[in-house]
Structure formats: structure tokens, C-alpha cells
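Right, I'll just put the structure down here and ask away after.
Just so it is clear, A, B, C, D, E and F label the chains in written order, and each chain counts residues from 1 on its own.
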Amino acid sequence: MQPIISALWITLIGMGLVFIAILLLWGMMALLVKLTPDKAEAESANQPELPAAQPSIPEADGLTQRKRRAAVAAVIAARILQSTPPASGMQAQPAPSPWQSSQRAASLTLAASATRKANRK
Amino acid sequence: MQPIISALWITLIGMGLVFIAILLLWGMMALLVKLTPDKAEAESANQPELPAAQPSIPEADGLTQRKRRAAVAAVIAARILQSTPPASGMQAQPAPSPWQSSQRAASLTLAASATRKANRK
Amino acid sequence: MQPIISALWITLIGMGLVFIAILLLWGMMALLVKLTPDKAEAESANQPELPAAQPSIPEADGLTQRKRRAAVAAVIAARILQSTPPASGMQAQPAPSPWQSSQRAASLTLAASATRKANRK
Amino acid sequence: MDFSLLYQELTRGFSQFGWGNALMIAVGLLLIYLAVAKEYEPVLLLPIGFGCILANLGMPANQPGGLMNWLYKVGIETEVFPLLIFVGVGAMIDFRPLLAMPEMVLLGAAGQFGIYAVLVLATLIGYPISQAASIGVIGAIDGPTAIFVASKLAPEMLGPIAVAAYSYMSLIPIIQPPIMRLMTTRKERLIRMEYAPKPVSRLAVVLFPILVTVVISLIAPAAAPLIATLMLGNLLRESGVVDRLSKAAQNEIINVTTLFLGLAIGATMTADTFLRWQTLGILALGLLAFVLDTVAGLLFGKLMSFVTRGKINPLIGACGISAFPMAGRLSARMALDEDFENFILMHAMGSNTAGQLASVVAGGLLLALVSGVLH
Amino acid sequence: MDFSLLYQELTRGFSQFGWGNALMIAVGLLLIYLAVAKEYEPVLLLPIGFGCILANLGMPANQPGGLMNWLYKVGIETEVFPLLIFVGVGAMIDFRPLLAMPEMVLLGAAGQFGIYAVLVLATLIGYPISQAASIGVIGAIDGPTAIFVASKLAPEMLGPIAVAAYSYMSLIPIIQPPIMRLMTTRKERLIRMEYAPKPVSRLAVVLFPILVTVVISLIAPAAAPLIATLMLGNLLRESGVVDRLSKAAQNEIINVTTLFLGLAIGATMTADTFLRWQTLGILALGLLAFVLDTVAGLLFGKLMSFVTRGKINPLIGACGISAFPMAGRLSARMALDEDFENFILMHAMGSNTAGQLASVVAGGLLLALVSGVLH
Amino acid sequence: MDFSLLYQELTRGFSQFGWGNALMIAVGLLLIYLAVAKEYEPVLLLPIGFGCILANLGMPANQPGGLMNWLYKVGIETEVFPLLIFVGVGAMIDFRPLLAMPEMVLLGAAGQFGIYAVLVLATLIGYPISQAASIGVIGAIDGPTAIFVASKLAPEMLGPIAVAAYSYMSLIPIIQPPIMRLMTTRKERLIRMEYAPKPVSRLAVVLFPILVTVVISLIAPAAAPLIATLMLGNLLRESGVVDRLSKAAQNEIINVTTLFLGLAIGATMTADTFLRWQTLGILALGLLAFVLDTVAGLLFGKLMSFVTRGKINPLIGACGISAFPMAGRLSARMALDEDFENFILMHAMGSNTAGQLASVVAGGLLLALVSGVLH
């Protein structure tokens, strides 16, 4: 067989298997996250949400809890983006993980006066 | 010879030699400590002991200097015991050595108002 | 040939080549420093030198800029000498490089009230 | 005393030095320049550049007895250096954004297309298949993967391949933006994505590296050492109980290994192996692999955008190429440049870490397939 | 292109995977669970568990060419890893309490009885003497000693032995207290000990590791490498002039070595070597050795209490088993539980460090005796 | 069971121990005493002393299978340890004072005279030329250079040579001052030197290590590994972009390597190789090399003083011997003792770092010349 035919076969099988492997990972991840509920989340869901203490975030305009979190996460993410220049992989560590920041942000939202806190900080 | 006989011989000789080795170590350690007097100790022995400044530790009740030191060492040792949970060998380091604490305690006793200091800390 | 003759030849050629190599390094270093002007130096040269603000260092007594720098460098070098006992090569690092100190000193001189600053520190 | 022999010994440095060596020292200087002045992946390009200079001053990796040879034998031939680096890299990666949005993993797969496309192209040009595959793996845009695969398939090309892999990784902010602007409309780049991740428990985060190791080792056994070490580092990080080991992986292990790896790779760059037209081919095809990765990633991003009726910003397709974390940050920045309120960093990081996983898988599969073909 | 060969290469991961491997992965997960959730010696059980998983995913220690094999050859076959760990351990031990109360050293000897008792028992059951001795050495309750001896006498059992040694070490707070309560009366546990140590000079502390090395190397040459490295670490610590080296021993050296040792040990745990009834025997007999150590230590403690007319609290006999510093802390805590003013920590630490020394001596003598018998 | 065999195995420690070993243990204790009580280069003399004790307790470097043998084979035979130490040393040296006053470099050349003078003398006494050269290289007053050269020319003498090199280095404050006072007049020691250095740019500082590597590797290829590693460390330091690597070189790499090098060197000091009259000869001739280095440096300093009409203080000639940074500090202190306003530290450091460079060059040339002669 000519090398080019081999190369094409390798490409076909290779890219195919990459996608199969990646689909398997997708399934695995989805299952994993589903089967291992976040206890912190569960707890906070049971907590009274102190709605009276949040005059500054009007619930009326259709912002769901999740969307509010996303907004705060975004603000913090933006700061990370602006402060850290594109650096080599090895400098990845010192910077706080964006995820951690966003989770921190999410907790902030839950804890009543989220936006004010975010501004003050 | 049957394996079990060998095993019994090994046990006899092994435990015997362990004890012999350990007795040698005992002798060595006893000699070592005897032949290398602690200068700090010697110095402190020459020092005036400021008895007037210790109204809070009555000498009358038969507490010797050494016993008083032991008491303070024990207090500090107790704190170490309570603060550090049984952890893996590798976390042994960070915690201050109990010995060092007790020695520190001993110095405290020498320096007059030992018990008050220990309480305040 | 007798070993001693070999040894003498080795000495002759060896010391000769050491000096040749070292002369080459000298030339290389001289060229290197000449061809790569210090930008910081160049910039500071363009800066106005605030002569009015230096009443405490009389220019009249013939002290050139460079000599003044050397004086301050020396003061700082002296401190380094006194503070660090002759130590093993491996402890060389922690101490600030004398060169860096002297360069820092040089900047101080440039920044007007050098001697007063050096005294205050 | 034999003076002619002595003369020979003393002038060995000059007699073995040729124009090729001088040129290669210039190449080493260029790499050091890129490292120091441009800060392009300095922790790797500086040791590679210095190693390249040494290789051309009588200290090449293939000359028995020297330090460079020792480093090469201990760390490259045994695969130990790239794997130890992966332990450190794994300890630096946070997979939570990916776990929270597992659908992002698809973008990682798309971002590996360049590997295979360049394999075909290089074969067409006439490279033997093992060399073609080694060139293609530059498109993994992941140093340790590229070195791991190339050291097995075409060790004679290791130098230029490692140089290409690390250089292009650091050129991301220059190479990707024009492609991104060309391939996406402004409207697409303005798409905002809702950030409503599923909550991720600690248990999931700890189990993830273990499960990935098991799944990938079964599917792509040739990728097993790479994925296992990457996931080992991640497990050290996420377990939360072995801080000493996690820090050792992120510091002692990765720093020392990176220095040694760079030197050993650089020391393979002797004049006779590097100064060939082939090398230019490697550099050009490697760049192409990078570009095709980005194009495929963006196209797949557009497809996802279409399928989800505009809920996906196609820009995050560009960071499926791996090159963690630079590519992820760049995509997020591009979105922000268009609309200063459009924050897609979380999604970009999900795609980016997916690219890291997919790169390893694609590299391992490539190795298995080519080994199977060559048998 | 031979598709059957390609298929074979691609499915290698599955074709080599059996139920045994699946079971062993479960074992690895269990070890990681114990490490992460229960924090049982996580710095060792986590790498061992992960290494075990890798061994059963095609990366066993005995397969030439891989990272696990490299680690095993570099660090276990050469004995280097356990010895380097001992340098770090030695740099963490303070022998002052023992030097101040040298009579405590006797308790260390008693705490090694389980090693020999289990050797006899295992021989009776039918284990060949080299394996019986390797099982017995779990009773040293000291990881590096157990690994050092077992890797010489019965390398095929290294995995289970190391797992037993480290697991039981971390199970001390569960295993020992019932035995201690059963073997001692409340009155005995209430005994207070006067803490009036002899003063220990710096000179004594610096000379101690050197003298121990000389004495033990002469008496038990097979223990020489272990005692020498342990004492080297201690000398680095106590000399006070080589802080850089002492810190390197306690951090860089021990962290990196521990990670590698754990992985290499775990990678010996393949299905075919681990999934045998033998393994259960090893685990059971190892536990028995632990229990017998504790019993012998307590009995000796009672004897000393009797001889000194009640001046010794027998509880400190239980920490002569070594397992520094957990056993020492546990004994002191037990005394405190009975009487909140009864502080025996100093004495316990003296006994505990004595156990560390005696474990090494007992392990070395065992090695010499069994080698002499087998030869 | 063969009891005679068992007895033999158990008493091996004593049966192999002789008076020579006891004497060597005393030598080891002396080295540890110098390290701990006198703080003479403790990071090296302490491990060397301990290694010496181990070598005479059945753990010599030349006995296959043990840790000491492993360290020797991995680090000394391969030259890896001295070279890695040089990476760390290079990362600690600041060459700015030398670059600012490049004429100082001449003093470094003069300070190597003792190497060659002692070579001639030792040959006269009857040492074969390879041994004579190895003794001479003690006069490099630079540990890694001495070990590198001696391990190639006369490995059987490595122990005493390393001991001499490091001991004399730490004895500088005792050995040099009388020579300095004898060789210079008070008037000369009072000479003040203007400190008006040329400004040194960052570019020059970064290019310097690269250029030195190129120049020296061409002129003295045998010195290439030493100069290359020294300059690699310096480049890591001065580049300013690889702080992680620079710190790894100055900490992890140098600390671990120093400990291992010291142990391995010490472990070569067995009774049968060390307890010879030869050893006393090595120690005496090494001291002489040191003295002759200092004398030649001072004479050259006086010559420069004469040529420049008193603008050079001859004291800085004494620190051209290398022994960085102790010799440099000592010279500056001597000047200060005579005149508390005479600061020559910068000049002394220039001369001292020049001595470091010249030592490596001289050592490399010696190696090449002797190899050429011996063929």
C-alpha cells in the first residue's frame, strides 16, 4: 500500500477514535457530576436565602439566581483577564484559578449584598 | 534441618542480638550524656536563682527545681498533644519538638515568674 | 622524554595558554561593555541633574560625579564587609551583591541629596 | 612527548568547529533572544538555545561521556523528562470549568485536526510516515506530547520539533487572532454565553483524574503514560491531602526537569542534523498544523453555534488546540475586545483543558497507529 | 497496511485487561479512598494506590521501557529510595528525650518481638523462610525498613508488604487502644512519671548519630545502610551548620522520593502477583505482628514497672514498636485520657525513638540471619 | 543450618574492621569536627566526613550494590555532580564588577601559577605525571574543578584531593594574611583605588556567559563542560526571565548534589587508599600550591601596581586564586584593617571572579595537556 493511503487511513481512524474517546469522556464527566452532588450547593439550597436583605438586586427584572452568579463571576473573570498577561504555561499556577474566583463570586451572591461587596473589593 | 527449626534459631539469635545491641546503645548513651556536660546547665547552676522574685511558687511544699520544670514541661506538652492530631510521620517536622518546648519551659522556670508566664501565654 | 621535561613543557604551554585565554577574555569583555551602552546610564545622563538641590555636596572641591558615586559605594560596601563574616561559597547568595549595592548607591547619588539619604538609612 | 598529538589535543576546539557550528550557535542565540527579549516560553527556549550552543561546541547529546549525553540518555530515551513535566503540569490544571460544562470537550477533539492533516500533507511531500507523523504532532501544540511521540517515531527530528512546538505555543497571541477574525463574523464574536455551570463536588474533582486515566489507558494505551502522569499530578493537586507532593510536583520536579529537558533537546541540534532543508519543512509544516488546528476548532465552534441556535460563541473553538492556558486566555480576550462586557473565560478554559486532554489522546493514537502501520 | 495488526495495536488496552485487573483497580481506589477520605498516610497510600491502578492498565513495574519500570529499577532495586527517605526521616527526629532517659531504649527492643514471632508462625503455616521473614518485617512498623528487607528477601511480595506496613502504621489509633486497655490495669495507666531528664549537651546530640552509626554498623552490618542514612539525616539536623542540606533532606529529597517510591511500589501490584490467598495471609500475619509487637512492648513495660516499683507507666511500652511519631503521641494521649494531669509525652517519645532504632537493628539482623541460613 | 556461616555473616562487621578503619573513622570525625565546630565549609566537609566513616564501616564507594557506590557511579564517574554544582555556583556569581573593570582579569591568570609549579615539583619528587597534575589542581582552589580533573586523571586520589581543596578553601583567613603581609609593604596596602567602573548594560551581562562559553570552549575544549555549566547558571541568573530555574539551580540542584557529592567523595576514603605517605604528600603539596598561587597573585599585583604607577593595590592580587567569594572578602578586609577608609571590595570581587574563570581554564588546559602527553 502506498504511504499516502496509509496516512489517509491513519487520519480517518485517528480522528474517529479521538472523537469516540472524547465522547466517552463527555459521558463520563456528565455522569460523574450528576452522581456526585455538590454538598456545599445542596446545603446552600436548604438555607433561607435572605431575600429581604437584597434591595439592591431587584428580582423583578427576571434575573435568576444562576444568572446573577454568572454576572459576578464575569466581573471577577474580567479582572483576572486584565491583570494577567498571556504567559507561559508554567506561570499558570500562581494566578488564582478563574473557576475558584467564580465560585467565590457565587458564594458572594448567595450571601446577600453581593454586588456591593464586589464593588468594594 | 527443618525450616521451623531455622526459624526458631533465627528468632532466638535475632531477639537476643537486638537486646544486646540495645543494651550497648544504652551504655553508649549513658556514657555520652555523662561525658559531655551541658554547658548551659552548668552555667545556669552557677547563676544566682533570684529566690526573692518568686513569691508565687512556694518552695515550702517540697517542689524541687526539677519537679517544677517537669510541671511546666507537662503543661506545654499537653498543649502540643491537644493541638496536633495523630498525623503521618511526614508531618512530624513542622510541629515544635516536644523536647524543645520542655527545655524552653525549663528556662522559663529558671527565669523567675515561670508559672505566671506560662499562664499568660 | 623524562617526566620532568614533560612537566616543564606542560607548565610553559599551560601558563602561556591561560594568559592567552585570559587576554582574549579581557578583549572580549572590553568590547562587550563598549558595544552595549547602558541605557539607564544614557537616560540618566540626559536628565537634568538638579544642581540647585545639592547644597550639602560642594562641587567646588573637585569631586566628580563618578568619585561621589565611588564614595557612596564604598560606604555601603563597608557595611557589607562588616556584616558578613567570611563564609562558605554556598552562603554567597543571600547577601545582596556588592555590585548591586554600589549601583543602588550610584542611583542615590544621582537623585540629589545622596549623602543625607545614605546617613538616614 | 609527542607535540603533534599535543597540538591536536589543544586545538581540538577549533579543528572540529565549522561554519555549520557557527550558524547553529546563531540559531541558539536566536532562541535565547526570543526567550530573554520576547519572553517566548523562556523556561524552555533558553535551555534549548543554550543546549544548542553547547552541541556545536563539542558537547552534543549523542557523544558518549558528557553531561548532555547523560541527560539525553537518562531523560529523553527513557521518556522520563516529558512525563515528569506532565506530573507538574497536571498539578497546575483546574478541570472544574470542563467538568461543569462537559460539552466543551468536543472542541478539544476538533482542535487536533491539524495533526492528522499535516501527516497526510507531509506524506504527500515525501516524508516517510514516521517522520510525517512526528511533524504532525507539532499540531498537538503541547510540548511533552510532541517530545514523547517524536522521540519514539523520529528521534533524529527531535530538536526542530521541540523548538517548533514550544515556539508556536508562545506565538499564539500573534498567530491566532488574524485567523479568528477571518473565520468568524463580528456577530458571532459578540455572542454572549450564559455562565450557569453545574455545581462540581470535591468527590467529582478527585475521581475525575482517576477515571480519565482508566478510560484513556484502555482506549489509547499508547497515550497511557502521558495521560497517567498528567492525571497523577492533577490527583495530587485535587486530593487536598498531599500538599507536600503537589508542591514538589509543581516546583522541584517540574523546574529541574524542564531545565534538563531543554538542555538535552537543545543538545540534539548539531549542525549536521539541523542544517537541512528538512528542518525548514518541519518548521513550515508545524506552523501549518497549528493553523489547521485553529481553523478546525473555529469551524467546529461555528457548527456548535449553529446547532445550539447561537448559544455558543465560536471563538472558544480556537482554544481547543490545547496550549494551556495561553489559548484559553486569548479567546476570552478576543471576545472582550469586541464587547467589553462579554466574559467567556470560563467557557474558554473548559475548551482549553479539553484540548489538553484531546492532544494527549490524539498523540497516543497517532503513535499507536503509526507503530501499527510500520509494525 | 495490515489491518489485523493495527486492530491488535489499537485494542491492546482492552485485550490485555481482565477481571483481575479490574479488581486490582478497585484495590487501588480503596487505597486512594483511605488516603483521601481517611487521611491514612496519604503521602504514601495515594501514590501506591495510583501506581496500583497504573500497573493494571498496562504500566506495571516489571515491564521494561516504561516510567514505572524506570522508577523501580532506579529506586527500589538499588535500595536508593528507602534510604533517601531515611535521610529525610532522620532529619525530622529529635533524639534528646531518649538521650535524657536512655533506659527507655529497652522498650524499643521489646517492641520488635512481633517480627520474629510472625516469622516462626509463617514458617509453620508453610511460607518459605525468606517470605516468612519478609512478612515478619511488617512488624518493624517502619516503611523503609520493611521495603529494604522485603526487596532483598522476597521482592515478589513487596506490594502487599509495603501496603500492610504503611496501612497499619496509620491505623495505630484504631488498633492499639483496645490492646492497651486490655493489657494494663487502670491503676497502671494512672502511674505518673517524674520528668527529670539529665541535661543533654549539644555535643552529645551531635556525637549521638555518629556513634550509633559506628556501633550498629559493627554489630549488625546488614542494617548499616539503613542506620547510616537515618543517622546522616539526624546529623544534618543536629549539626546546626548545614541548614541548607537539612532542609533539602526534609523537603526536596523526601518529597520527591516518597512520590516515586509510592508509585514504584504500587506498580508492583499486578493482578497476578497480588490476587492470591497469600496476600490475605500477608495482611493477616502483618496485623498479627503489629499486635504482638504491642503486646510484647506492654508486657515489657509492665516488667519495668514492677522492677522499678511502679515508677514506670507501662503504656509507654506500646510505643516501642516504632511508628514514629504516631505511637508516641497515642500512648501519651491514653495516659491523659485516664488522668488529665498525667503527662508522659517525653517518656513516650523516648520509647518511640528507641523503637525506631530497634526496628532498624531488628530488620538488619533478620536480613543477615535469613541470608546466612539461605545462602 | 550452617552455624559457622551464620556466625561469619553476623560478625562480618567486626571481622572486616581493622585498625586502619578505626584511624579513618578518626579522620572522618576530624572532618566533621572542622565542619561543625570550626564551620570550615560545613556543607562539604560534613558529608565528606560522614562518607569517610561509612566507607570504613563496610560501605565504601567501590563496593558494588550499596548507596555509596550508586552515588559514585551516578555522580562522580559521569562527572555529573561537579557540573551540577557549577550550575548552582554560576547562578550565585555576579560578574558585573569584572565586566566594569576587565583589566582585573589578568590577576585571575596569575593566581593559577601554583597549579603548574606544584605539577613540576611533584613530578620531581617522583609522582607520575597524571598524579602530579591531580595534586597540582588543588591549586585551582576550586572544588568542582579539582574533582572534575582528578576524577579523570587520578581517581584513586580523589578523596585526599577533594578534602585538601575544600579544607584549604576554608582556611583562607588563616593561610593568606601572613603571606599578604610578608609580600607587600604597608605603603602598598594603603593604596586607594578609584572606583569608577564603566557602566554595564543588561545586554552585556546576558551576553557575557554565552560569549565566555564560546571562547573558552574553543580555546580549551577540555574545560568546556565546566565553563559551560558555570555560565549556564550565570545565564539563568542574569536573563531575568527564568527565575524558577535560577532558584532551582541555587537551591534544589546545588543542595542535593552537594550532599551526594560529599558522601560519594568521602566514601572513596577507605583505609587502604588513604592511609599512605602519599596522602600526606598530597596534603602538603596542595598547601604549597595554595601558597604559590597567593604569592604569584601578589607578585602580579605588585607588577600591575608598578606599571600603573601605584594605581593598583597589590592586595587584590591575592584573590585571583579564585575561592569565590572568601578570598575577595579577605583582601578587602586586609585593606580596611590598614586604613578604615580604604574600600577595595569591588576591585577584589573583580579579581576574585576572574580567578574563578581562570581556574576553570587552567584546570581544563591541564587536563588536555596531560591527556595529550599520556596519550
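Operating definition for what follows: contacts are C-beta pairs under 8 Å (C-beta built on N, C-alpha and C of every residue); 3 or more make two chains touch, one makes a residue touch a chain.
Please read all numbers here as calculations on a predicted model, not as lab measurements.
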item	value
Graph distance between chain B and chain D, where chains that touch are linked	2
Neighbouring chains shared between chain B and chain F, ordered by label	E
Chain pair, B-E or D-F, that carries the greater number of C-beta contacts	B-E
Euclidean distance of C-alpha centroids - chain A vs chain F, Å	56
Centre-of-Cα separation between chain E and chain A, whole angstrom	43
Length of the line joining the C-alpha centres of chain A and chain B, rounded to whole Å	54
Distance from chain F to chain C - Cα centre to Cα centre, in angstrom	24
Shared interface positions of chain F, touching two or more other chains	1, 6, 10, 39, 42-43, 219-220, 244, 252, 258, 365, 369, 373
Sites on chain B at which at least two other chains make contact	6, 9, 13, 17, 90
Sites on chain D touched by chain F in the complex	1-2, 5-6, 8-10, 12-14, 16-17, 25, 29, 32, 35-36, 39, 42-43, 46-47, 50, 53-54, 57-59, 66-67, 70, 251-252, 255-256, 258-259, 263
Interface residues, chain E side, partner chain F - complex	78-80, 83, 206, 210, 213-214, 217-221, 224-225, 228-229, 232, 235-236, 239-242, 244-245, 247-249, 252-253, 365, 368-369, 371-373, 375
Residue ranges of chain C touching chain F (in the complex, touch as defined)	3-4, 6-11, 13-15, 17-26, 28-30, 32-33, 36-41, 66-67, 69-70, 73-75, 77-78, 80-81, 84, 86-90, 92-93, 97-100, 102-103
Partner chain C, residues of chain F touching it in the complex	39, 41-44, 89, 92-94, 96-100, 102-103, 105-106, 108-109, 112-113, 115-117, 119-120, 123-124, 128-129, 132-133, 169-170, 172-173, 194-196, 198-204, 207-208, 211-212, 215-216, 219-220, 250, 254, 258, 323-326, 329-330, 332-333, 336, 341, 343, 345-346, 349, 354, 357-358, 361-362, 365-366, 369-370, 373
